[in-house]
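Presented sequentially are two complexes of chain A, the first with chain B as partner and the second with chain C.
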Partner chain A sequence: MEFFIQQIVNGVLLGSTYALIALGFTLVFGILNVLNLAQAEMVTWGAYAAYFLSLYLGFSFPAALVGAILFAGCLGILVERLAIRPVSNPFKEAEHLSPLIATIGVGIALQNLAIRVFEPKGTPFPLAFSGAALDLGRIHIAGGKLSAFAISIIVMGLLMVILYRTSLGKKIRATAEDPQAAIFLGVNVYSIFTIVMFISSALGGIGGVLTASIYGIISPFMGASLGLKGLVVMIIGGVSSLSGAVVGGILLGIAEALIIGYISSAYVDAVVFGVLTLMLIARPQGLLPSFK
Partner chain B sequence: MSEAPPLLLRVTGLRVRYGSIRALDGVSLEVRKGEIVSIIGANGAGKSTLMKAIMNLVRKETGRVEYKAHDMTATPPYKIPLAGLSYVPEGRQLFSKMSVRENLEMGIISFPGRGLSIQAELQRVYRMFPVLATRESQLAGTLSGGEQQMLAMGRALMSRPEFCLFDEPSLGLAPLLQREVFRAIAALRAEGVSTLLVEQNAKKALEISDRCYVLELGKVAFEGPSRDVAADPRVEKAYLGG
Partner chain C sequence: MISGYWIELLSGATISAMASLGLYVQMSTGQMNVAQAAFLGMGGYAAAILTLKLGLPFPVALVAGAALAAVVGLLFATVVLRLSHWWYAIASLAFGEAMVSIASNLDYTGGILGLMGIPSHTTFALLLSVLILLLLFFVGLERSRFTLGMKAIRADETASMASGVNARAIRVAAFGLGAFIAGLAGGLHVHLLTVITPTDLGFHISLNYFVNVAVGGTRHFWGTLVASYALFILPELLRFSATDRFILFGILLVLIMIFLPQGLTSRRLAFRHRPG
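On to the complex of A and B.
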């Protein structure tokens, strides 16, 4: 029983990072009407930004995290300007394919750039968490995972405050529901798109830094695997559902931890995509309703 | 009529096409300060397209839109409301997942330059449409059709516009609610707001407006003081069921 609870705890801690990455997918899909597959590379590049800031400028963890947020966010703005905006029309629901393919292209370019520039086999991450572990009876929680979880929760809380308690958030939600109505009420929706791309990509970057801090290693391929998980989470949760992204992330984390604990880590991906397939058959709209 | 009030809106030679279909074929019109100007015409005559073209929500082939003598033909659409025009579209386009109050706030938060207090404007709109106050925290999508129309109008009035464009405000409403909508439009004139009104209820539109344009197949078929238009036998026959 303790082992079971231990794995559930591990899963929740791990899942919070997936939720962050998935929220990035969800926001862009909900507001720009684009499935942004370049989101995965924000995870990688956010982690490397923190790595270089720490290595060459001696940044501490919080400073490097802020640096990674800014770097990934600005990279996201560039993706929107250069790849999404020229080929998309957010006012027509039907046009999903061209911007999707454009973001796949950007994703491949960014990943291959990372493979060229950085060590493809991976590099130790200097800002690994070293917080004291928490022992609750026989349940053991590694300090690093706990810190990453706490940061994820704070970030998600901030996101909800922005979306539901500020006028920027009101404009974002209005743009998600009816961009044309937002426009005739004086909202510059293109600046909303820019802000949403910044936020979403920054969420990916934070996910990358937290994962790197937990495992103590980064590689040019980390985004591809985490990004794919974020995408699965978004689909399980419901494509335009913020709560769905959070719940889906936690569920995926728990599922992975249980598979690793009781079966074998070799079966993680098989089970995850198996669940995704079942989900698409049984409940294609996802677990929770859309926010728009 | 000693001196005509100043010209607010001037539209000249507007042409809009959707693919191979021409929706507007050279429409010109004017609205002066304090006027209620109505546009009537059959379905597909181009009434809604005309409204959208003024708000720059559809692409204009040719033509010119001036507001207070400023050329607004190429103004980005989100800047047009900032010039003082408010638009209530056909079908209302409310934010159904937002509360009544949040919908109303959306009508004002992009206008910080006007120095209006959100609270004061909310109270003003609630006085105008008391039912909205009782529904304040309800989601807009759960309102009845009449309440939704009041909300759409209230949202448009939050920023204290000088000029309102109402597209089919009485469509689908019970007669009692229609009367309330027209009463609100007439009350706006008393506050000095000018109105361009598209209506399928031609009789009511002619009653409430000062002047009227009759659109047919994307062209102005005739125009004039509403009293004269209402008396025209052709209008009577085609639009008033005479």
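On to the complex of A and C.
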């Protein structure tokens, strides 16, 4: 029983980072009507931004995290301006492939740029968490995972406050509902797209920094695998459901932890993707309703 | 004379073209398959096991591999039939990644290391002959009722069904055909490279074929053919280091989408459309 609870706890802690990355996918999909595959690279670049800020400028963890947020966010704005806006029509349901392919192109370019500029084999991450572990009876929680979980929760809380308690959030939700109507109501939807890309990419960047801090290593390929998980989570939750992305992330984390604990780590992907296929067939609208 | 380097390059491009043509048939009926590499891999693994471990003749192994991919393809398409675009893409993504994981865990696929020392049977001449046969088949197919049905589905699925087109059967058959072609290409590929590993089945490989069809456009298969060769050879022609090539390739992909959003076979060059 202790082992079971231990695995659930590990899963919840792991899942919170997946949820952050998935929220980035969900926001862009819900508001810009684009499946932004470049999101995966925001994870990598966010982590490297924190790495360089710490290594060369001696930034502490909080300062490096803020730096990574700004860097990934601005990179996201560039992606929106240069690759998404010229090819997409946010006033129609996403039917064309061109915005998707354009973000794939950006992803390929950014990943290879990372491979070229950084050490492809990976580098130790200087800001790895070293908090004291928490022991609750026989349940053991590593300090790093707990800190990452706390930061994820704070970030998600801030996101909810922005979306549901501010006038900016109201404009974002109006744009998600109907961009044409939002324009008539005086919302500058293009500046909303810019802001949403900033927020989404920043979420990816935070996910990258937190993952790097937990495992103590970064590589140019980290985004590709975490991005794929974020995408899976977004689908599990229902493509445009924020709470779905959070619940989906936690569920994926728990599923992975249980499979690793009881079956074998080799079967994680087979089970996760098998369950995802079945879920799509049984409940294609996702677990929770859309935020629109 | 063509040098060995070019033969190698063109062989790779020809296999990419076959896989993409198979995907073209599927995407023509609105089935966004992002797991084409998994179907290549199924054909490849099956054919390799048959020649390497059971010593069966190469042509038999090729056909058996393609048939396996086709059967799995038909089953997959039947199961995910009612999903539409995004969902379809994600279901196929999940399916493809599950295949990678299965191939990494089975004993007779060689686990994570995959299979090595597969007999080298595939020649460039064989690849070209298969491609030409495939293209002849596609030209013939263009005039068939099957293609007419596919075009009707693409134009308007509901209207086509109201006019008596059996959209479901056509979609499933199109998927099976595409998977068969992929399985064949996979069988040829492993007997060219003599190795196969589970990562060859992954999403990132499938994306290449997906991009070929998207860049070529689903209006006509010639677009896919040209895009497959161009996008395979182009990164090689941009003679920088491997990573530099892919950086430029990514940027080029964005530019192609900006100026040719419907792909190479679009009717006219599009200019930036900014609505509102």
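Everything that follows uses one rule, which is that the second predicted complex is superposed on the first by the 289 of 292 C-alpha atoms of A that agree within 3 Å, B and C clash if a C-alpha of one lies under 4 Å from a C-alpha of the other, contacts with A are read in each partner's own complex, and residues count from 1 in each chain.
Methods note: a residue touches a chain if its C-beta (ideal position, glycine included) is under 8 Å from a C-beta of that chain, and two chains touch if they have at least 3 such contacts.
Computed from a prediction, not measured in an experiment: that's the story for all the values here.
By the touch criterion defined above, A:187 lies against chain B but remains apart from chain C after alignment on the C-alpha atoms of chain A.
Legend: residue contacts after superposition of the two complexes on their common chain; A:119 is shown touching neither chain B nor chain C. For chain A, the partner with contacts to more residues, out of chain B and chain C, is C. Of the two partner chains, neither chain B nor chain C is touched by A:2. Touch criterion met: A:177 reaches chain B, while chain C stays clear of it. In the superposition on chain A, A:167 contacts chain B only, with no contact to chain C. Residues 183, 189 of chain A lie at the contact with chain B in one complex and at the contact with chain C in the other.
Within the complex formed with chain C, the chain A residues making contact are 35, 82-83, 85-87, 89-91, 94-102, 104-113, 115-116, 183, 189, 224, 228, 231-232, 235, 239, 266-270, 273-274, 276-277, 280-281, 284.
Every residue of chain B that touches chain A in the complex is listed here, in rising order: 55, 57, 76-82, 87, 89, 93-98, 102, 105-107, 109-111, 155, 159. On chain A, the positions that touch chain B within their shared complex are 167, 170-171, 173-174, 177-178, 180-189, 291-292.
Per the touch definition, chain C reaches chain A in the complex via residues 79-80, 82-83, 85-87, 90-91, 93-95, 97-98, 100-102, 104-105, 203-204, 207, 211, 214-215, 241, 243-244, 246-254, 256-258, 261-262, 272-276.
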